[in-house]
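The first chain written gets the first letter, and so on, giving A, B and C; residue counts start at 1 in each chain.
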């Protein structure tokens, strides 16, 4: 685990130097030590702004998103006993998108709430709908999945409707960017928010690591092992929804991370959650830091939405995983 | 002391599934739960384990109402093996058995060495110690059942509840499993289809019909031609095993 | 096994970072930059620009212009030396400005990322469209201000202190005065007020000449910007709408408050304009951007074939920049005038 954290720090350090602007590792070193109050070296203002106000916050938010969405993916896959589950299965990302376009395109609420605030509210409403639908149809794992699908479809349709009916081409492009997941414009308060949420989320996950193991064979076996099935499921679903809603409202719907990374981590450390949870978080963080650096560089000067990058990398990985499963069975 | 069911009744979707059943196994006994499909065997086992609450009547553990005993405490005393446990996870036999230690884990997570010892003991009991690294999906039906039983044993329970564990197994594995179960020092309640196997291996049999207990006692006392005809609707002749004295049931063709 | 691999990878990376991370800090040039100006503007100059107060202490020396319209104004004011980057090009640059423009680095054909802009080490940023300063754009004006970079948004995009392109709607029609205001303000900011005045006079003269003797005899017009599926037509308050009112053409979509509402061919056919102004967009990103695509669509589609302008092939071709608020507005007027001279008897 320590090795993983070290790798993460190194990744951040190196990834920071990647981008259209020419930044060297020595620049990064100087800028960081300046801000930590250790040195007072003269640095070009633009480089300082690029490193400290843009790339560093982006890298940290990327790491937080990778870790958080990866963790939520682990929870969803284990809780719902479905290897294709991901954090967006609860309708959270579609709800967030709807919330964002309601603010961004319809202009309701406006400056008071902001795009992110609207997204967060939308996410929670969608999740609430999922819980309601699941309960109305009897509760249980498969009901939750179906309710999530229904909610996702509903909110996606509403989002599309609003965009199509009310958005002009510039607004559409602006919102699209957000819908695909974008780390443009990340600031330090975004970092703090995401970091807090992910750290708390990690602790919750680790605390429930044994319960997640117990769900491997279904609700009855879990109950017979002493797990409070309904309570545990409720806590984990709510935790997942809150973490995902926060991350999505900050950085948009970054796809594939929550789906693919748990599988990758499982390949490396096995299915026991006491190891899987931290491994997924670290691998997720490292992965996103590199994808973020890549999306800065790939189509420069045009910024690439990071969600496009995760899909481009995630899809071939996912296909490889599927092939591996087929060979097995 | 043991798990006892007192006049438990349970309905599913308004349909009465278990109707005033009582069960009083003695410590160390192997109790066979018999009855045709739909007679409420699985449901009674679920009520007995506290997975569902009875609509009337109660289940006690050591004389205390099961509903007021903490889940983890129950899990340390009672373990179940169901019919169709399956998983998509790439889990090894050892990890499966290790799940049985979950009820014993404290919040601080101590006791790792005692856990491993218990896991080894459980694996040895079912004869899977040398197979501990194999993956679930590579196991045969019989090996899977044994792995689940090992998991249940790792819980170090006093009571073991088994729901038709011999389904889908070869005859040899059926016999091996039942021998294993019989030899266990725990009290076992086992729902079972096959009357002859029940007769061979159970100390006591309890026969259910439409959720009610219609007979309980030693196999030789309970398994009579009249009962079998009444409950199962088939004609049978009962003989006695020369060596061990348990009933041997022979069914007659219906035509 | 996996753990050992991870640890060795981590240690190797740490060593590599150590090797690269050690070294002398980069030297920073702190010599003062020279200023060139008339000496007319009183600094510090405070400009109240579309709801944001911008304070300029000295004429900016390193400017990034985020839109073509703004760039062409700056080049026309002789400020090529102060431009360190341009972006968002919809058409080829005006011929008269081509050689000046060739000296200026083009950062992007579309909108650039914040980093790319910052990498030019700018002290000022200009834009014609407010979307660059909005969510999903380059960066907000406040964010630019954090690193001491002043910003300026064209008054043509401003209505009551909000940017139209950045999400607002016009409450009154765009007038040519907004363009002259932009030129004047930029002239003040960069301390070249005389050049600004000259440019404005030239434009006014050309505009007056272009509107002389124009009589469209009450003809109706629609301005088609792009998209063959959901055609974007000019609304009444936009720059294209201003073209129409300046030459006394009746814009059939004058009732719409949006600059470029998305309409349907049904509603266009219903209004049956006599003349269609077609945008010839060099960007060529969507079906119907290019002129020939537009014309071949209009003449082959069974619905659009019925439109009066299509039946009689009354097309006026304008560049994208001529349909948006910019100094090329006057070029647009001139093109309309020359078309009318040629086709007057057809009306």
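Please note the rule applied: a contact is a pair of C-beta atoms (placed from the backbone, for glycine too) under 8 Å apart; a residue touches a chain by one contact, two chains touch by 3 or more.
None of these values were measured; they are calculated from a predicted model.
Peer 1: Count how many hops through touching chains it takes, at the least, to reach chain C starting from chain B.
Peer 2: Graph distance in the chain contact network comes out at 2.
Peer 1: Pick out whichever of the two, A-C or A-B, is joined by more C-beta pairs in contact.
Peer 2: When the contacts at A-B and A-C are counted, A-C has more.
Peer 1: Any idea how many Å lie between the Cα centroids of chain B and chain C?
Peer 2: Chain centroid spacing, chain B to chain C, equals 78 Å.
Peer 1: Let me have the rounded angstrom distance from the C-alpha centre of chain A over to the C-alpha centre of chain B, please.
Peer 2: For chain A versus chain B, the centre distance works out to 44 Å.
Peer 1: Would you mind pulling out the distance in Å between where the CA atoms of chain A average out and where those of chain C do?
Peer 2: 36
Peer 1: Can you name the residues of chain A that touch chain B in the complex?
Peer 2: Residues 78, 81-83, 210, 213-214, 216-218, 220-221, 223-228, 266, 270-272, 328-329 of chain A touch chain B in their complex.
Peer 1: Could you please specify the touching residues of chain B with respect to chain A in the complex?
Peer 2: Per the touch definition, chain B meets chain A at residues 46, 49, 51, 71-76, 78-80, 82, 85-91, 95-96, 99-100, 102-103, 105, 137, 148, 155.
Peer 1: Provide the residue numbers of chain A that touch chain C in the complex, in ascending order.
Peer 2: Contacts found on chain A: 3-4, 6-7, 10-11, 13-14, 19-22, 24-30, 41-47, 49-50, 53-55, 104, 107, 115, 168-171, 173-175, 177-178, 182, 184-185, 268-269, 296, 300-303.
Peer 1: What part of chain C is in contact with chain A in the complex they form?
Peer 2: Touching chain A: residues 2-3, 6-7, 9-11, 13-14, 17, 20-28, 30, 87, 107-108, 110-116, 118-122, 129, 131, 134-137, 139, 143, 146-148, 165, 167, 232, 258, 260-262 of chain C.
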